[in-house]
Each structure stands twice: as structure tokens, then as C-alpha cells.
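Heads up, there are several structures right after this.
Next come two complexes, and both contain chain A; in the first it sits with chain B, in the second with chain C.
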Partner chain A sequence: MSNLRLIARLDVKAPNLIKGIHLEGLRVIGDPNEFARKYYRAGADELIYIDIVASLYERNSLLDIVDKATREVFVPMTVGGGVRSIDDAKKLLRVGADKVAVNTAAVRRPELISEMAERFGAQCVVLSIEAKRTKSGGWEAFTDNGREHTGLDAIEWAKRGASLGAGEILVTSVDQEGTRKGFDVELTRKIVEAVPVPVIASGGMGSIAHMTEVATGAKPDAIAIADMLHYNRATLEDIRAGARAAGLAVRDTTVGAKAA
Partner chain B sequence: MKTHVVDYGRGNIASVCRGVEQSGGEVVLTTRASDLAKAERVILPGVGAFGDCMSQLEALGFVDAVKGFAATGRPLFGICVGMQVLHSIGEEFGRHAGIGFIPGTVSAIPKTTADGQPHKTPHIGWTPLEYPAGKGHERWKGTILEDVEAGTSVYFVHSFTAAPETAAHRLADCHYNGRLISAAVQRDNITGVQFHPEKSGAAGLKIIERFLRM
Partner chain C sequence: MHKNPKITDIDVREFAPGQNNPRTLYGLPQEVKYCTCCVISNQRPNSSVEFKHTKESKKATINFDENGVCDACKVAEQKHNTIDWDKREKELAALCDKFRRNDGHYDVLVPGSGGKDSFYAAHVLKYKYGMHPLTCTWAPHIYTEWGWKNHQAWIHAGFDNFLMTPNGRVHRLVTRLAVENLFHPFQPFILGQKQLAPKLAILHNIPFVVYGENEAEYGNPIQDTETAKRSWEYFARDDSEVYLGGESVSSLKANYGLEAVDLEPYLPADPKKLAEKNVQVHYLGYYLKWHPQSCYYYSVEHGGFQAAPERTPGTYSKYNSIDDRIDDFHYFTTRVKFGIGRATYDASQEIRSRDITREEGVALVRRFDHEFPERFADEIFRYLSIPEKEFPVASKMFEQPIMDRDYFMKLANRFRSPHLWKLEDGEWKLRHTVYEEKA
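Presenting the complex of A and B:
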């Protein structure tokens, strides 16, 4: 098993970093890049930026934020929210994003996933799935911050996305998101079992125990952390130490370059 | 410290350029093979498939230009597929000749772990660097890894891996689920890394800085 990646997730409503509950009821947290720098220095393995209002082309948009961030942050960055075309993806990659996340546009036109994978490589394409539990015991994929139904079964959609060429699946539980009640372990496990590509579990982390729960119960490749970090309820160092204490393999950030 | 970064339409060069700038270098993006004749040092990035990268380099005249540059003894640094094409053969989507500085073949990472269990490829994530078998820190002296401690994790994203034929060309290795991965190769003034120093945090920037001082 490779190391569990610890990813800081930044939801953005430009120019602000925001945080919601169930992806709604947004609160302004601050300047996203100030937080990005802090998480980079604290040893985040990656960063995810999601523009929750999909304002890619507006003034001071996500594009500008990412353009600035990639001058100061030297770990992989996934960027999404409002990516509708190859051209949108190209713009983000050109300012230094490493992976591009798609949700709505891929639901509308799944071939976009293949087109992006062919053009930029599968490792660049992240399928973002916002999943909500249904009454029948499954999960439905949603778009627009968990507001719009797609009618797609989240697990089938993950499978299809991977077969179309998505190199990674970001699965956000809308039910758990912002609640601090823990990840949707069952959802994560079903998706991990269904796809041959890495899976990032997102939504609900409120304690270090929640990380252990999802890591052992679902075996995702990465976890996305937002609330806990933004509200300073734990640092990345605390979380990394907690992972080690629980016997989870994570990157050892204590070994590094010698002082010159 | 001018650094020519070869822009042949393959790969996310923005991050490489920003890594160089952050490390105190001055980037000269170059799309013309003839520019390399006057370059002080050259970075050859690359993302995608081996054969596609080679045919693009060939079409733009960079294969000969890079060979000519390397013959001057000035520092050349290949990153990711830019490292793979330093080898003689690539086996991604058919068999392709590489630039050939490092005798060896680039082939798919095995689909199973060393214990025979299925595992995911590409190999994505942070993996610690090791000295090549039987070597210690002396192997890294005078190379881009001089300031790096063994066990430092760096960021990888790749499905194919190089197997240098000559042990002396191995600069650093790592293991992915027990499978040996060639993380860095070096022969004289030619160095290549499979990982992304521009995405490997402070340690990665140190590696780039060291290259800039070569």
C-alpha cells in the first residue's frame, strides 16, 4: 500500500476561501492563498482548489488565485469548478495546476473526460463526484454543490468515469461535508472497490479518528481535509502524527534536504 | 543562472519554470533547437508517452540539439518523461528509440506488487529516495542530490519506469509496493529524475537549486 496522501482542500468563492455545511451556508474564512501557503509549509501532500461558483472567467477568479498560488506552492495542485472544455483545462494547466477536476460538464457530456485524458494524460483528469445517500440505500451523484440531481448512481458513475479515462476520483459526501461527523466510509469503500484508479475521500473529517476510520474501513489513496485545518482544530503535523500513531503509512516529512 | 527549458509542446512546463525561478534561476523558454547551442544549462521536461515525446523532439530538431549540447559537458537535466528519453529504448505503445545517453529500457511498472498482489498504476504520490544498491551518500556528492538525505520523499506520477543497464548510471532508486523504480540516473553531465522536483516541496527546490549551481 502506498502512503495515504493528506490533501488540504480549499473551496473558493473568489476572492475568498469559504467553508459550508453540506456544501451550503457558506462562511468566509479568508484569503485562499494565505491558507495555501500555510498548508504547503506545514507539509500538505497536495492541495485541491474548488471554485464553488464556477466563475472561471470573471475578474479575480480562480484562475488568478491559482496563478498566484503556483508561484509559492510547490506540491501538486488539483483545480476544479466551472471547467467546461479542453480550453478551460488548458488555461488552468498553463498557470501551473497539475490536475483538473470536472463534475457538471462531465455529467452533461461524459466524453469530455476522454478528450481531456487523451490531450493531457489520464493523470491530469480528476472526476469530482458529489454523492448523496438515497432512500433506497444507494448514492446519487449531484452537481452544483449538491443541489442538482443527475439521476446517476454515484458508484456506477465513478466506474464509468474511470473507464473513460479519469485518473483519479474525488468523492465528496454531501451528507457528511462540513458536519465534522466523519467520512462516509461505506460510500468511499464502494468506490475504492469499483475503480482501478486512486480515490480521494472528502467530506466530514472532524477528528483524527475519522481519518483512521476511513483509511482502515475504505482504503482510499488520499483524504481531503478542509474544516479541521481552516478552523485550526488540528494542524497537518498533528494529523500526520496521528496517522503514524494509528499505524497508517504517510509521507515522512521529517527527513528532507540538508541545510545548505 | 540562465536555464534553457525545452518547450516542445509536451508537458506542464509552467511548474518547472516556477520551480527554477523560485530556486533563483532565470528561465529561457525555448522552442527552437538552435537555441541550445548557446545554452549554459538545459532542462528537458516531459509528460505523456515516450514515443510521442521522442517524435515531437525529433520533429523539432531537439534530439540532435540535445546531443550536441550534452557533448559540450554542460549540465543537462531530464524530468519525468524527459528523464525516460535519456535512455536507449522505450516500450510505451510500441518500441521506440530514445536519445540513448543511458543504455537501458523504459518499460511498464509491473501490474502486481513484489508479493504478486494487484496494485494501482500509475505510481502516484510521495515515495522516499534510496541510494542505489551497495552505495551510500558518496554517490550523491557532486550531483543534484548532494543536499538531499536518503529517505526524503519526493513526488512521482508515472506508469513506466527505466531500467539502466549499467549500475554506475543509477543515481537513486525507490520502491513502489516492493517494485524497484529508478528514481534518478546520472552519467557525467547528464542527469535525469523520474519524480517531479518542482512538485516535491522544499526538498525538490533544493534539487533544482543544486542543478542551477552545476
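Presenting the complex of A and C:
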């Protein structure tokens, strides 16, 4: 079994690292790169940077922040928010992003996923899905930071995205996000079962037990953590130790940690 | 002759794009200006005494200083910079000490919806200041699902609550008249909600009433904040001067089939009784530094408050003023009358609270302010209809008792002020917007 990747997620509204609840009420936390450095040193397997208001404001403001971050952070970085074209993606990859996440633009024009995959390789393309439970018991994909309906079934959309060439799916539960009440395990499991590519579970981690729940109940390849880390409720060391104690395989950061 | 004849098309010449000095309605300022700190315009009316509101009423509007800064931004500056909040908090503690009772009786009345702000107000009073609140709620016209859940979550966080739900037929009729006369579908809510707390204070013998934030934060005269006591003007009572939905009480009785008892919920409390009981009305926002976003965090943390599952039409936000389905239309009508939509109000508040920048606010207004609220439209039009079967008397007063979109939009055009709106290539556009203004 491969290691469960522990990813620090940094939602950015330039110039600040911010955090909301249900992706709403965005609170300023601080300088994103300071937090990025801290998480890198503490052994994060990867970082996710998302400009979560890029589509809301129809702008794209991560280039500078990512450019600076990649000089100090040497684990894979996924960057997203406001990526609307091959050119936007290219710019991010050029300043050092390893993967590019798309949501709104892919909903508007799904072929963008294929075009990016052909151009940069599937491993570079992350489909970001903001999923919210519906009354009928399924999940709908949202855009614009959990604000706009797409009418797409989140599971079907994940399948379609993977078949179009997305190399990874980042699935954020809008219902759980920022609540510290745990991941949406069922959503994560449905998506893990539906797609042949790696899945990152995001939204809701409030305790180490929540990680165990989602890891055993849904078997994602990675979990994204924001609130717990930003508010210092736990460190990555604590989380890693907790994972081991629960019998989950995680990367051994004591060996070659800085060599990545 | 119908008292409310069918709405006909308007003369559009006044709305020509090149019109010089177009006419203004409601006494609004001729020149449109935008605050240099937030995105509100100088057309924003101050809250006024709603039961004196008629078709002819002129509006007092938000004050801008010589630097083009609105009063609401100045209040925000005081909040951030000059007010001694430690001192204010001590005043609150002293006030609570004065009113606190431990004899099994409520000692403070907290009116609210159970949204984030009233949740916070009741919760800190009870759990931090050791008070014994009774909460009360004037029901929305039509609850949203999430609004109802949040109201219940409030109660389940440890509060007794009186929910006053006005007679649905009367409320619909008054709401229709408020739309017909004033294009103000939210007015009946404002009317009822303002009167409920003072009356319950008398009834339950609770002389200490505490609301959440102060209205001055949104632009009423600064003087209002000098004292936390609410102006008694709002509670004055003289039946001959009382209008509901812009219709006089005497006409409602004579023409619309209403009885005195039907109007009771909307009428102000007797000031003599209020004076006898020495009822005091305070705003928590005077004593504690109010920050709506923090109230959201607080109410999620302490009571499982839920943001709306989707953004509100006309704006970007999901956490504020989300419990009434008619609310979407309230802000649609403020945009028609004053050129100010929901995103403008929301963004201005968040700029003042330093949650977003002005540049972001401008982008949000550009993107959302103009949106027509589709999601509940059919239901709202049914709500605003006065069919004969349900309203045998009142229905006769309307040449077209059934509200539909066509009627509503024609009505909207009657309330567009020519100095704000132009009709260009068959499309209604604002003559001035915050995103097209030169800095």
C-alpha cells in the first residue's frame, strides 16, 4: 500500500493566506509563504495553493506568491485558482508549480482538461471539485468558491474529468470545509471508487481521528489539511505520529527529508 | 374605479441616455457620488419611521463629508481607531449588573432572527455576562430552509424564544400594498419586527432590551451612536398618522376588509406603558466592537449556524440576511429605486470591516449587483397575488390582483428615478456605477 500523502492546503486571497467556513467568511490568517515554509520544514508531503477568489473576482494573482514560494519550498506544489487557459497554466508551471488545478474553467469548457494533459502531461493536471450534498442524496459540483451551481453531479464530473485526462482529483466538501467536523467520507469514497487516478480528500479535518476515518473509510491517496495547521490546532509532526499510531503508512520524514 | 389600477407602460423619454438634468424621485440627491472608502452611493436612504412612509415621502440620505467619505465609513474608522472598547465593555458589564436577576425571571429581551448577529448577542449575554435572556423573533415572510434551521439552532443553543408569525393573509396584503405603493416588499417585516420587542418587554416585564449591531454602522446619522438608547421616535403612537404598506390605517379598514385586530401586530407599543416600565433599548454594537464575520465564526462554533448552501442572488455572500425568501426582492427593489443592490450593501460592510478591499468590492458590485433574483421569483409572485377566493374584499381594489413578472417589472419601471436610470437599446442601465466612476 502506498503512503497516505499529507498535504498542507493554503487558500490565498492575495496577498494573504485566508480561511473560511463552508468557503465563506474569509478570514485573513497571514503571509502565505511564511506558512508554506513552516509546513515544508515540518514535513508536508506537498502543498496546495489555491487563489480561491480568482474566479469570483475574475483575476489571477498567484504568480508572484508562487514564484517566491518555490525558491524556498522543495516539495511538490499544486497551484490553482483562475486558471482559464493553457497559457495561464504554462505561466504557473514556469515559475515552479508542479501541478495545476482547474475548476471553473474546466466546468465551462471541459476540453481544457484534455488540452492541458496533452500539453503538459496528465500528472500535471488536477481537477478541483467543490462538492456539496444535494437533497436527493448525491453531490453537486460548485464553482466560485462554493457559490455557483454547475448542475453537474460531482461523481460523474470526477469520472469525466479523469477520462478527459486529469491526473488527480482534489475533492473539497463545501459542507464540511472549515467546520472541523471531519471529512465527507462517503463523498470521498464514491470518487475514489469512480476514478482510476489519485484522489485528495479536502475539507473538514478537525482532529487526527478524522484522518483515520477518511483513510480507512474512503482510501484516498492524500488528505489536504488547512484549518488545523493554520490555527495551530496540531502540527504536521503530530498528524504524522497520529497516522502511524493508527497504522496508516505515511512518508518517513526522518530520511532524506530535505533532499526532496 | 380601482384604487390600484393596472400598471401601464411609462413614458420613456425621461430615460434617454443623453437627458440633461433628469428628474429625481424620492428627494434623492441630483448628483450621484460614490464613497471614496467603500462602494455605497450618496443615494442611500437612512432608515426612517416606516409607518409614516407614503408614496410622497422624501428620503434623507447618507451623509458624505468634504472628502467624499460616507458616515458609515467614519463610524467604522471610530470603531477601529478611537473608541475605547475596554471602557465600553465595562459599561456593558455595569449595565448587566444593574439589570441581572436571579429570581427566576428573565432579565433581558434579545430580539433577533437567530442569524449570526442575534445568535452572538444572545449567546454572549447569557454565557459571558451571566444574563437570563428571553429571545423573540418576528417571522420572515417565507422562511428559507436554512433560515429555519438556524432559528432552531439558536433556540437549541440554550434560549427561550417567542416566534411571532403574523396572519399570513394580512401580511400578504400589506406586502402587496407595500410593493404597489412603495416598491418595498420588505417593509411589512420591518414594521412588525420593530414593534415586537417593546410590546413583549411590557408584556413580560423586561425593561432591558438589547439589539445586536447599531443601525448607524450602515449610515444613519452619527449622532445615533452617541447614545445607545434607541430613539423613542420609532415608538410614537398616533393612529391617524399610521400607514402600513403606504396605505393609511383608515383606508385599510374601509377599503381592504381589514379589522382593527388585523393591524395590531404592526402598531407600535404604547409609549406611556413603555415609560411606566422604564423600558430601555440598547445596542450591543455600542458596547462591543461588532464584526459580522466574527459573529459568523462565533455562531458556527457555538451553535452550528449554517451559511446558505448557495450565494444569495444579487450578491456574493452566503452568511448574511439569508432567512427570508423575499429578501432577494428587497435588494432588487433598492437597486431599482436607489441604484443600490445587495452586493453594494454587502461589499460596503465588508470593506468597512476590513475583510475585503475597495477594489474587490468594486469587482463584486460589477459582477453581482444587477442580477434578477430568479430562484424564488414564482413563489414570491404568488405570495404577492391577491386572488378573490382568499381576499374577497381586498381583491376588488386591484385591477390586476394577480402579480406576475410582467406586472412586477412594469411596476419597477414606475419606481426608477430618471436621474439614476437610462434606457439604452431597450435595456435598463444605471447612468452612474461605482465601476465606471473615475477615481
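Quick note on the criterion: the second predicted complex is superposed on the first by the 250 of 260 C-alpha atoms of A that agree within 3 Å, B and C clash if a C-alpha of one lies under 4 Å from a C-alpha of the other, contacts with A are read in each partner's own complex, and residues count from 1 in each chain.
The rule is simple: a contact is a pair of C-beta atoms (placed from the backbone, for glycine too) under 8 Å apart; a residue touches a chain by one contact, two chains touch by 3 or more.
Since this is a predicted model, take the numbers as computed values, not measurements.
Aligning the two structures on chain A places chain B and chain C side by side, free of any clash. Using the contact criterion defined above for the overlaid structures, shared-chain residue A:194 touches neither chain B nor chain C, since it reaches no partner. When both complexes are overlaid on chain A, the residue A:86 reaches neither chain B nor chain C.
Residue contacts after overlaying the shared chain place A:148 against chain C, while chain B stays out of touching range. Of the two partner chains placed by superposition, only chain B is touched by A:253; chain C is not. Between the Cα centres of chain B and chain C, as seen from that of chain A, there is an angle of 160°, stated in steps of 10. Of the two partner chains, chain B is the only one that A:74 touches; chain C does not reach it. Legend: residue contacts after superposition of the two complexes on their common chain; A:241 is shown touching neither chain B nor chain C.
For chain A, the partner with contacts to more residues, out of chain B and chain C, is B.
In the superposed model, A:42 makes contact with neither chain B nor chain C. In the superposed model, A:94 makes contact with chain B only, not with chain C. For the overlaid pair of complexes, the smallest distance between C-alpha atoms of chain B and those of chain C rounds to 32 Å. Residue overlap on chain A between the chain B contacts of one complex and the chain C contacts of the other is empty.
For chain C in complex with chain A, the touching residues are 293, 296-297, 300, 306-307, 309-311, 316-319, 355, 360, 363-364, 367. Those residues of chain B that touch chain A in the complex are listed here as 12, 14-15, 18-19, 21-22, 47-48, 120, 122-128, 147-153, 155, 157, 176-177, 196, 198-207, 209. Taken in their complex, chain A has these residues touching chain C: 21-22, 24-28, 53, 56-59, 132, 142, 144, 146-149, 174, 178-179. Considering their complex, residues 1-3, 5, 40, 43, 45, 70-72, 74-76, 93-96, 98, 120-123, 167-168, 196-198, 221, 251-253, 255-258, 260 of chain A touch chain B.
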